[in-house]
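Note that chain A is present in both complexes that follow, paired respectively with chain B and with chain C.
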Partner chain A sequence: MSGWLVVGQAALVLLGGGIVGLFYRGVDRKIAARMQARIGPPLRQPFLDLGKLLVKETVIPKTAVAWLFSAMPFLAVIASFTALLYLPWGPFGPVLEGHGDAILVLYLLAVPALAMALGGFASGSPLGVVGAQRELVMLVSYEFPLAVVLVALAWRLSTLGLGPAFSLGVLAQNPLWGAVGPLGILGLAILLVSLLVVTPAELAKIPFDIPEAETEIAGGLFVEYSGTYLALFYLADAVRTVVMAGLVVALFVPYGIAGPLGLRGAAAQVVDLLFWLLKVFFVMVLAVTTVRVGMARLKVDQIARGFWWRITALALGGLLLLVLDKVVMA
Partner chain B sequence: MTEREPRDPNDPVLPAVEEVREAELRGVEAGLGEVFEVPIGPIHPAMKEPIRLTFRVRGERIVGVEIRTGFAHRGIEFMGMRQGRNLIQVLYLSERICGICSVSHPIAFTQAVERAAGIEVPPRAQYIRVIISELERIHSHLLWAGVAAHELGFDTLLHLTWRVREKVLDILEELTGNRIDYAIPIFGGVRRDITPEQYPKVWEAIRYYRGLLEQLLDAFLRDPTVEARTRGVGVLEPKEAEELCAVGPTARASGLRKDVRQDRPYLAYPDFEVKAITPADYGLTPIGDVYDKIVVRLLEVGQSLDIIEKALMNMPEGEITSFPKIPALLAYLKKAEGEGLGWHEAPRGEVIHYVRLVSGDESLLVWKVKAPTYSNLLSWYPMFEDQEIADIPIIAACIDPCICCMDRVYVVRDGREETWTKEQLLKLSWEKTRRLRR
Partner chain C sequence: MGLSAFKRALWVFHVATGSCNGCDIEIVAALTPRYDVERFGIRLVGTPRHADVLLVTGPVTRMMAERLKRIYEQTPDPKAVVVVGGCGSTSGVFYESYNVVGPVDRIIPVDVYVPGCPPRPEAIIDGVVKAVAKLEKLGAKV
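Moving on to the complex of A and B:
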């Protein structure tokens, strides 16, 4: 593959990811509104929001550590968009396949959270500091179950000997559901549930939106951010939603429908891409929209305890079942 | 868990500021970590009105709070006491003390004036006042429930309760002409009758809320996340509630059977035998946390429905006011002399109005208003004790604060805020009493 082709693909993926992320955010808001018997904003509202934020004045507070405060939005947006390049887009493998693996994706998902926390600390506002502390507590709470899920799947794949197991592309090409026994299927289901619980936490959506918690700390991390910087965080959040949902799809439901429908060539690719977008959409609705509509915001200690005991135990249980399945199958 | 230890009976309910600071220092020395300040307000999304709460926190835990009020003082009593302003004009002002309890203040105010001037209120007018004030209670409690859900980050519940609240606002509009500021009580009666054509609409609304109440109780009280956020949060022990003179649902949630409608019945309330509602009526042991306050308020919606139903069935016939002509009323009030106290159980608790009239003057000599939040504000101190930052909005909201109604005085001299000591205030009060005696 020539270098220019990769650059072209990357540009396409980044642009597409941004548009899909913002559009899905609009859909999410619309669906949430309908669930609450409201009319809701038009679907293009996130684009309008972003555009408006970009033309607004960007204020850097006097008490802030200016360079850190200004650098963090860029870091968040770069990390989120880079993660897109390691995500399989339906029929198309990751653009940067072979230049980094699933572990890198985990880091890229964690970087925006860290950037937000640092930005909150650097903002010099007590509310920002509280938000940043909460973000870090959340990070150490949900990262472990997330890693367990990924490692469990990759380990099981590696035992099948189908190439580099820690590559999202390989994971997406070899769905495990058919390759394991009944115990393994149960284990995979449990891992799927844990990942779905981790998703809204990773994206800091209700009930896990404590770093922002509008009614408590007035936006927390973002309380001092405005204009372009806030727009960048907004964009990073939208893109991260696609990455997270895409990760769930890649790990657990990477199936296409073009094959069963008997399509070939370009038509198959288009149909599979659309089907992938549909799957990402459903994962988002399931793990983000419905959850945030149906729950109250939890407290930081409740979240930390929930993740450390229940969700970690759940994920480890899934891993154990996969191991047992391997033992039984062998 | 965040549950607070039961209070040592020897400890004062409100510790002195110095003691709190000392305890903080001891904590820092013991390696518990530094204490820093988190300002909430005067403008903050959790507070619908301007008030400043400065929290001293260690990590997420609150170790102290300082409450500063006075950002929304409007001087309504002062305006009402101005020379040349007649009582009808002041009635308008009293309606605008609170946008939510916009019939509670006029009810207390008209009662005070009626007692001072010796005016009888026809029974039908009393019934109409009761019906409107109970409808107001329903709308206020539903409003509060929605706000509480929003503070918990549960916006779906907010939208649900506020949607169903529309029905009672429609009924109020049907009966009085306004969604808020109903302008119903007037000295000696009410301004509008409830006509036979309006009865079916009110009955329909009652049926609507009866069917809905179970659903609301279910949505609020049996939701795991709401329970996780409100159980054991913002506990106000019965002793604390009693010592800090908490009123209304705030006191009742702590198990105190305290309700002006029950303790000092007024208007037509003796006919309805109102009983103060506590969580015990729902089969719970009252501990005074936020959950209990939700229980009390939702049950009171049912109680209000009962009262309205009974009032509609037993509505006496007759006049709706003893002074059909306003000039005659004003002439009578101008001659009246005396002092009077009026009280009412507003949705937030007991509201008291005191007036003093002098013969030959059509304006008030003294008008003193005590809004329920004034009594409830101090209960914030024990409620915030040892809680987390995340609990601040819901604890602040759980007394249903009405800051504008509560803000009584704010002294600024030469551009600087002045602090008044207890002795100074006492002296001021003596001076005022002496002025009144004259």
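Moving on to the complex of A and C:
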């Protein structure tokens, strides 16, 4: 593959990812409004919000560590957009396939969280510091179950000997549901549930929005951010939603419908891409929208304890079932 | 993009300067499904740094005057101030009280007054929308 082709594909994926992320945020807000018997904002509301933030003044507080404060929004955007390049887009493999795998995507998902925390610490506001501490507590809480899910899948894939097991492309081409016995299917279902619980935490959405907690610590991490910098965080958040939902899809439901429908060539690719976007949308609605409408904010100790004991135990249980399944089948 | 961007994406910060909670509850009522200001892109935010419009309620007590000034200065430009309620507009029944230094326009520049005790949510929405006109005028100058 020539260099220019990769650059072109990357540009397309980055642009598409940004637009899809913002559009899905609009749909998310619309659906949440309908669930509360409201009319809700128009679907293009996130684009309007972003445009408005870009014309606002950007304030850097005197008490802030200026360079850190201004660098973090850029880091968050760069990391979340880079993760798009390592994500399989339906029928198309990751643009940078072979240059990084699922572990890298995990890190790229953690970088925006760290950037937001550092930005909060650097903002010179006590509310920002409280938000940043909460973000870090949450990060160490949900990363372990997330890693367990990924390692479980990659381990099972490696026993099938189908190539590099941590590559998201290979994971997406070989769904495990058909390759395991009944115990394994139960294990996979448990892992899927724990990943769906981790999703809103990763994206810091209700009930896991303690780092922002508008009504309590006045926007937390973002308390001092305004204008362009806030717009960058807004964009990073929208793109991260696509990345996280895309990760769930790639790991658990990477199926296409073009094959069963008997389509070939370009038509098959278009249909599969649309189907992939639909799957990402459903994961987002299931794990983010309905949960954030239906629940209230949890406390920080509830989140830490819940993830460390319950969700970690759940994920480890799923891993154990996968291992048992392999031992029984062998 | 220009400042017409504000037309459909106004973020509002609510400052209570010694109000009796009447106006504040009417502001919250504007967010409920019955009035649903989010359909116009109006959103209540948690910090003045994110805000385009300050909704100020209350007659401004002596202790709050300094804070009100600070909140006004913390809000990034371009910004507008909407006073909600009779107390904020004129100090109302608290006029010339020993502990009241208001009304609001004695402390910070005000763009829109929404009188009433308390004003109805429709009136508050109308006031916020009128503030957009001011923001756009500011945009024309830039």
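Worth pointing out:
Here is the rule we go by: the second predicted complex is superposed on the first by the 330 of 330 C-alpha atoms of A that agree within 3 Å, B and C clash if a C-alpha of one lies under 4 Å from a C-alpha of the other, contacts with A are read in each partner's own complex, and residues count from 1 in each chain.
FYI, a contact is a pair of C-beta atoms (placed from the backbone, for glycine too) under 8 Å apart; a residue touches a chain by one contact, two chains touch by 3 or more.
This is a predicted model, so every value here is computed, not measured.
Once chain A of one complex is fitted onto chain A of the other, the partner contacts of A:272 are absent, as it touches neither chain B nor chain C.
Using the contact criterion defined above for the overlaid structures, shared-chain residue A:101 touches neither chain B nor chain C, since it reaches no partner. In the superposition on chain A, no contact is made by A:325 with either chain B or chain C. Of the two partner chains placed by superposition, only chain C is touched by A:29; chain B is not.
By the touch criterion stated above, A:298 is placed in contact with chain B alone, chain C being left untouched. When the two structures are aligned on the shared chain, A:42 is found in touch with chain C, with no touch to chain B.
Contacts of A:207 after superposition on the shared chain: chain B is touched, whereas chain C is not.
Of the two partner chains, neither chain B nor chain C is touched by A:143. By the touch criterion defined above, A:56 reaches chain C but does not reach chain B. For the contact definition in use here, the residues of chain A common to its chain B contact set and its chain C contact set are 36-38, 127, 214-215, 217-218. Against chain A, in their complex, chain B makes its touches with residues 2, 36-39, 44-46, 57, 59-60, 149-157, 159-160, 163, 223, 225-226, 228-229, 388-393. Looking at the complex, you find that chain C touches chain A at residues 1-3, 5-6, 8-9, 11, 33, 36, 38-41, 45-47, 49-50, 52, 74, 76-78, 139.
Interface residues of chain A facing chain B in the complex, by the touch rule stated above, are 35-38, 126-127, 129-130, 133-134, 206-207, 209-210, 213-218, 293-302.
Chain contact summary for the complex, chain A toward chain C: residues 29, 33, 36-42, 45, 48-49, 51-52, 54-59, 127, 212, 214-215, 217-219, 222-227, 230.
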